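After the structure tokens below, expect a handful of questions from me.
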Amino acid sequence: MAKYHTFTLFSDFEEAFGALADIRVHKIPGISIDDVTLQSPIEHPEIEEVLGDRPVHVQKFTFFGALFGVTFGFFFLAAAQASFLAQPQGGKPIIPLPSNFVLMYEMLIFFGVWTTVFAFIFLAGLVRKRGPIYSEQVNVDQIAVIIDVDEKNLDALKKLFTKHKALEIREEKLP
Amino acid sequence: MSFKNILENWSAFRKDAEAGGHHKYDHRWGMAINLDVCTGCNACSTACYAENNLAVVGKDRFEKGQAMHWMRIERYWDDADRQFPERGASFLPMMCQQCGAATCEPVCPVAATYHTPDGLNAQVYNRCIGSRYCSNNCPFRVRYFNFYSYYETWAEPLNQQLNPDISVRDKGVMEKCTFCVQRIRASNDKAKMENRAIADGEVQTACAQACPTGAIVFGDTMDPNSAVNKLWAKHEVKRGDYLSKKPKVNAEKRGYRIFEELNVDPSVMYLERVREEI
Amino acid sequence: MSGFKVNRRDFLRVLGWGGASTALVGCDMPTTVTLEEGKEDVVAYFMPEEYVIPGVGVWYASTCTQCAAGCGIHGRVREGRALKLEGNPESVINRGKTCMMGQAGVQAHYNPDRLTQPLMREGGALKPASWEVALKKIAEKTASANGDRVAWLSGAVSGHQAVLINDVLNTFGSKQHFVHETIHASVWQAVARDMLGDAQPVLRMDKAKSILSFGADFLGTWQSPVHFATQYAKFRSGKRGVLIQVEPKMSLTGGSADAWVAVRPGTEGILALGIAQNLVKRGWAKGEVPAKLKEVLAKYELGMVANATGVAGDRIQRITAALKDHAPSLVLAGAPVEGGENGYDAVSAVMLLNILLGNIGQTIEPAAQFAEARMQARSGGTRGALEFSKLAAAKKLDVAFISHANPVYHAPGFMKMKDAMANVGFKVVMTQFPDETAMQADVVLPLYSAIEDWGTHVAAYNGGVATLSFQQPLMEPLYKDTRGFGDVALSLLKQRKPKEYAAFNDYYAYLKASVSNMPAAVAKGDKNKDAAWNALLQKGVLETKATVGKFKVNTATVAAVADVSADVQFPYRLLPSARLGLWDGRHANSPWLQESPDQISKVVWGSWVEMHPVTAAKLGVKSGDYVRVTSAQGSLEAQAYVFNGIHPEAIAVPLGQGHQEYGRYAKGLGVNPYAILNPVIEKKTGEVAAYATRVSVTKLDKSARLVHMGSSDTQMGRKLVSTIPATVYRRTEGEA
Amino acid sequence: MHVNEKDINEQIRWAQINADVLRSMENPRPAYWVAVAVCIAMVSCAVLAEIYQYNTGLGVTNLNNPHMWDMYIATFVFWIGMSHSGTLLSAILHIIHADWRKPIYRFAEAMTTFSLMTAGFFPMIHLGRIWNLYWVLPYVSDRGVWPNFRSPLAWDAFAISTYLSASAVFLFIGMIPDLAICRDNAKGWRKTLYTTLSLGWRGDDRQWRNFRKTYMLLACFLIPLAVSVHSIVSADFAMSIMPGWHVTTFPPYFVAGALYSGCAAIITLFVILRYFFRFEEYMTTAIMEKTCKLTFAIAMVWTYLNLIEFASTWYGHNIYDKEVLIYKATGPYAWIFWTMIFCGSVAPFALAIQKWRRHMPTMFVVSLLLNLGMYFERWMIVAPTLSMAYEPHQFYMMYGSIVQWAIVFGSFGWFGLLFLIFVKIFPSVSMYEVKEMVFHRRRHLDHETAVKFGRRARDAGTPATDTH
């Protein structure tokens, strides 16, 4: 049975959320809220009410990045100070912890930041191939709901959306 | 590099100020300068110019404060407020004090100045990038910076006098008194070749050698028989931490180190100037 | 390196002593470079001579000629270049020490402004010439000259150079060898001769427990500074001696004084007599005081002396007491006293103190004169130049030889030396630099530097041990067209008496022969003259038999000291103070010495005018302002340096600057106080009274930062130079 | 009087927001090109001066033995300080949910990055041997030589590179959604540029979720980083033993000073952008007022820390410190010191007067005054201590030469140039955040929708303190 990729634009956010709320309560059998992707010009914390809590994992990468930074920092500095040409300075230890802490701290942040960034690019699914249908309006003032549905549910879905004052519904047969 | 190395020597690497830092000294070169016989005649200063290829900067740059006298004789008037300076002038030969806990060392971003096993503040000209932090952090203000390529100013054949034992510094490099390290090294090598210890008085800095009144005594303060060490002992000046040190048994002994309270542990001891009441 | 050549054979000859001398100096091993025709022969380092160790220096013994003191030095030579001079421990005079001028000896040698070839005057201008032409010219010009129409003006010379000068003059039948030194102790010597019967008594500071110095800058510029400095060190050690310095302007020695007493300039003699009177009155005078002397002293009671000198009466008493308590004492007189119009009397008064204090035979000992009279030091003062200029001005000279001196610069302005020399028929100047005098010459003969030349020296003040010290080349000449002084003198002699001197093809041969034939020289050591000769050169100094005189004390010459006259138009007294470093100006062409600050004022690269704050306030002057100093003879302009180390009635302008010629470092820098000296002559000695000029000072509306070293004049509460009273010193280490 | 007005007009149409901001990026007017030309001229002054200094040696800067540092270091500290504003506005205000920051934080962040790029030059320029600069970096050398990790200057190298990269990334990440908007509206090379930079952003809920978290994390990193960076810069002085430098309160003092000059600079640019890009809709007087209040608060903190330092020196009875303090206030540099006190502690009271802080030209002038004061502050920290420390023999008073002035002058040109380029290539107002702002404020205002969707207080975007 053929699958369709649907792309529906709303100008009224409340209606869009309404539609999603309906999907969530299985108004249309066979369509789960988990299939829904929402595109919007701004961030909508409150839609988790309807979309359900979808997990975010960036912070774990951050944590380990930072952890790596600080431990690497310590060993790197100690190694540089003691394993190569020692730099004896009057009345000072070769591995001066207090001043090394400063640099370990900087390294913690440095690695923390970069792992976060890369984790973000990876987890947010950036720089990868996108679906075919896209409207610039989602970056202006409209909100888009994207669902892949079986042919049999298509009409029901359209009905639901039109009921919720969808501006336009685009669909495309998936290979 | 190996972390094994670090872990094995951790305690050594962590040895800090109270323990004298990470050092097994084989010498600690030091000086004793008797201000009572120093006549401020400038012989030492000129000898230093002759020995260490110091640049003559000329009138304008001298006026700017860019002169390069590693060894300078400071002259103070203690009776400036009286009608006449009836106790004469106060002369102070001031050169790098080769501090045991030098403030110039830790601040150098590239470790161009470091502490040698014979207790000197080495200044590695080739490593210096000229951040000049060391000079800013020197309480004695005895570090001199090559603001220009002074070697260009040596008119032929004056440049033939340059001492080949030490380099001529180019612009952008910090320099300072080295306790005539080239002489120290030469005697070191000679002593090694004849495998014996360096005898006291075998190494003389240019200033000490020139000083007509012998006010400057140079030697190894670790050698118990050296003249300089005897002087330090006689005048009850000890190396090391100012705070943890016991006060002199006889407070009237003349020895003192300048800015002792800064705890930089200078290697130069001065003997107080004496004046008769007439 | 391109500048100089090494003639291999000569160099090996030098190395002979080098190898030996290292054994003595015990520092390095010999080395050499091989340079053929000035091109560096790199191959030589692949196949070095067996004694060559590239990069290792050799030390040669020689003698310093930066001033007339005659210190022994060791010169470090590496790859054929003289690099560094140090004192020769063998020398009785400096005991291995050097002063700043000695250190700068290498700069006199490597100076970029040296003359590199003879010059001859053609059509008013000096043109380069070859030695042959120059000597031929001299031969022509001097052929007919004879008798006292020939004169030789030189600086202080001694040893074989003095002998040669003498011989040259003899060939003309002339006796006129004038010696001119700006910084001298002639009056002191004259007084010592008259009162002690010994012109050059030995001063034993090491024995003295107190020194009362009337302006004698013995640590700086008086007779033999380094020698006195070494003595001073002993004087200060152990039971520390007391130094009292009485002078109108603080000298380097004054800087080290326990008590620095500012005295009204020109009245030092009065103060001396005052102290003498005080001694006698309090019955502290040693020995019998002649009645005549009592008369002289009678009127110098405290009140009068205090008025005249500006030194408080109780101070005078304390000084007297100090001299008595710290016996034996030593009383000296220096330039400010000697240079007064009453110089002779003043110095006599000072010498009288030595007699009254019983220092004669204690701290003042008879000189041990060098046995060979002809080689003794010819030291003189400004009188030589004065007489020379008179003769010249009166057109009484056909030929004048000038060496080791720069009279056109050094002679006081009133002598008009330049014009006077114009009246001399033919002037031969032997010098190293294009100085003011050379510019006036008909023929200029460029000399070796002291580091390239041979010579022997006998110190005028020898510290009680008669020695002959040797000057030998530390390296080959930088310029092939220069010659040694001895060689020049010899060639002059050969022009006159070819036969007598045919044996010696150069000064070296002459020296070797002459020294080897000296009895004292070969007395010790083996009979092999070469070995003895080499040993001498290794040692650098030769102790010789000395004739030790006996004192004949005589106080008859002591007379009242005339007070200095006041003057409304010229209220201040000018002190042309000398300074260790630039000396009388002969070292103004040394960058090191120019950049090395004056010890007291710390000014560099120029002249300044010292005045007391009181004076400055009166004139509305502060340090850095330009002032004009005017005397009857003329005026000069320089920046003021205001400090309280000078008597309010005095104005000091240091010697050393104000050259019209003399190379890039000296030319056009500062002013020369001698240019405005009044023509005052000290009657009894005929010396110029250099400290007797009165001047007026006016402020100019021009001011600039006085270029000097150091910022704060006070220690600002830091413990930099800490001072303790001598009582404490005696408690802790005085007995040591 | 008390003006109660909205930070922003919630009724503004979102398309309008896009249009306004995108317009600001298009067809520059002649004035723009003039500005660019001026900046380039200034930069070339600096370049010439640097070439001269490079060939001749540092002597041409009038530096001397006691006085080894001067305007280069002062200017370095000044620019580093300037950079803290962006962090403050975007990061701190972000995590405390002060949403009035949204219209103005973008250019503030840009300022952060650019002033860092300017500051970075000075430690290099002031080096005696700039060609060996890289020796400060911990690269693996065949000689096994490493930089001296004890040296505050080495810390600087680490801190600045970290801070520069972190703030640049922060700026970039925060800009991605806007870059997507630009991409949708751009043509030609801009299209390619924005397509690349926007990393294929489409505003999926997944992207937004990760975005929010990431942005928050970066903000949390940036704040301690900013503080540490200026503390480390202060360590350049505080780590020494020199009187007047060895001051315990320096780190907070520097940070306060940094935020201070940063905020002042924001006010300056605020006025400029508002005027030239006609951003009255977004950079409203209300927001200006808030910025001014913030600046005033910081100014008072700075003043307080100043007094703390003086007092601790005065009562500390360390003769050396005291000398320097007295020297500052009475010595040859006194005029600079008192100008600093005036600009830094007196002038800010203009910000407390509502009438004035609503008057843009006045604020423009005042903000310049504040920054002048802060520049003098930096210079007063560096120079007097050097001209007067322990060794009285080496006291020396000097002013920088024309060469130093030229390079410092040029640095402002460089900063201006970067900023001018930025405003024409990137949106200087954050479109999506302004939308969020108006969206949430609107929904916050009509109550029943809030009830209907059971919004809870914790929801992001709702200003916790936003009660007026």
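Chains here go by letter, A, B, C and D, matching the order in which they are written, and residues are numbered from 1 within each.
Rule of thumb we're sticking to: a contact is a pair of C-beta atoms (placed from the backbone, for glycine too) under 8 Å apart; a residue touches a chain by one contact, two chains touch by 3 or more.
Worth saying up front: this structure is predicted, and the values here are computed from it rather than measured.
Q: In terms of touching chains, how many steps apart are chain A and chain C, taking the shortest path?
A: The fewest steps needed to get from chain A to chain C is 2.
Q: Hey, which pair has more contacts between C-betas, C-D or A-D?
A: Answer by contact count: A-D.
Q: Round to the nearest whole Å and give the separation of the Cα centres of chain C and chain D.
A: For chain C versus chain D, the centre distance works out to 67 Å.
Q: With chain centres taken as the means of their Cα atoms, state the distance from chain A to chain D in Å.
A: Spacing between the chain centres: roughly 30 Å.
Q: So the centre of each chain is just the mean of its C-alpha atoms; given that, what is the distance between chain B and chain C in Å?
A: Spacing between the chain centres: roughly 33 Å.
Q: Between chain A and chain B, what is the separation of their C-alpha centroids in Å?
A: Chain A and chain B have C-alpha centres separated by 63 Å.
Q: Quick check on chain C: which residues sit in contact with 2+ other chains?
A: Residues 710, 712, 714-715, 718, 720 of chain C touch two or more partner chains.
Q: Which chain A residues touch at least two other chains?
A: 81, 84, 87, 89, 92, 96, 99
Q: Using the touch rule from the top of the page, what residues of chain B touch 2 or more other chains?
A: Residues 67, 72, 74, 76, 92, 106, 111, 259 of chain B each touch two or more of the other chains.
Q: By the document's touch definition, which label belongs to this structure's chain graph: line, ring, star, complete, or other?
A: The chain contacts form none of line, ring, star or complete graph.
Q: Touching pairs of chains, all of them, please.
A: A-B, A-D, B-C, B-D, C-D
Q: Note which residues of chain D are touching chain A in the complex, please.
A: So the residues of chain D in touch with chain A come to 13-15, 18, 138, 143-146, 148-150, 154-155, 158-159, 161-162, 165-166, 169, 173, 176-177, 180-181, 184-185, 199-214, 217-218, 221, 224-225, 228, 232, 235, 432, 435-436, 439, 449, 452-455, 459-461.
Q: Residue numbers of chain A touching chain B in their complex, please.
A: 75, 78-79, 81-84, 86-97, 99
Q: Quick check: in the complex, which residue numbers of chain C touch chain D?
A: 710-712, 714-718, 720
Q: For chain B, which residues are in contact with chain D within the complex?
A: 61, 64-67, 72, 74, 76, 92, 94, 103, 106-111, 127-133, 135-137, 139-141, 143-149, 171-174, 259, 262, 264
Q: Mind listing the chain A positions that touch chain D in their complex?
A: Within the complex, chain A touches chain D at residues 14, 17, 37-47, 49, 51, 54, 56, 58-59, 62, 76-77, 80-81, 84-85, 87, 89, 92, 96, 99-100, 102-103, 105-107, 109-110, 112-114, 116-117, 119-121, 123-128, 130, 134, 136, 138-141.
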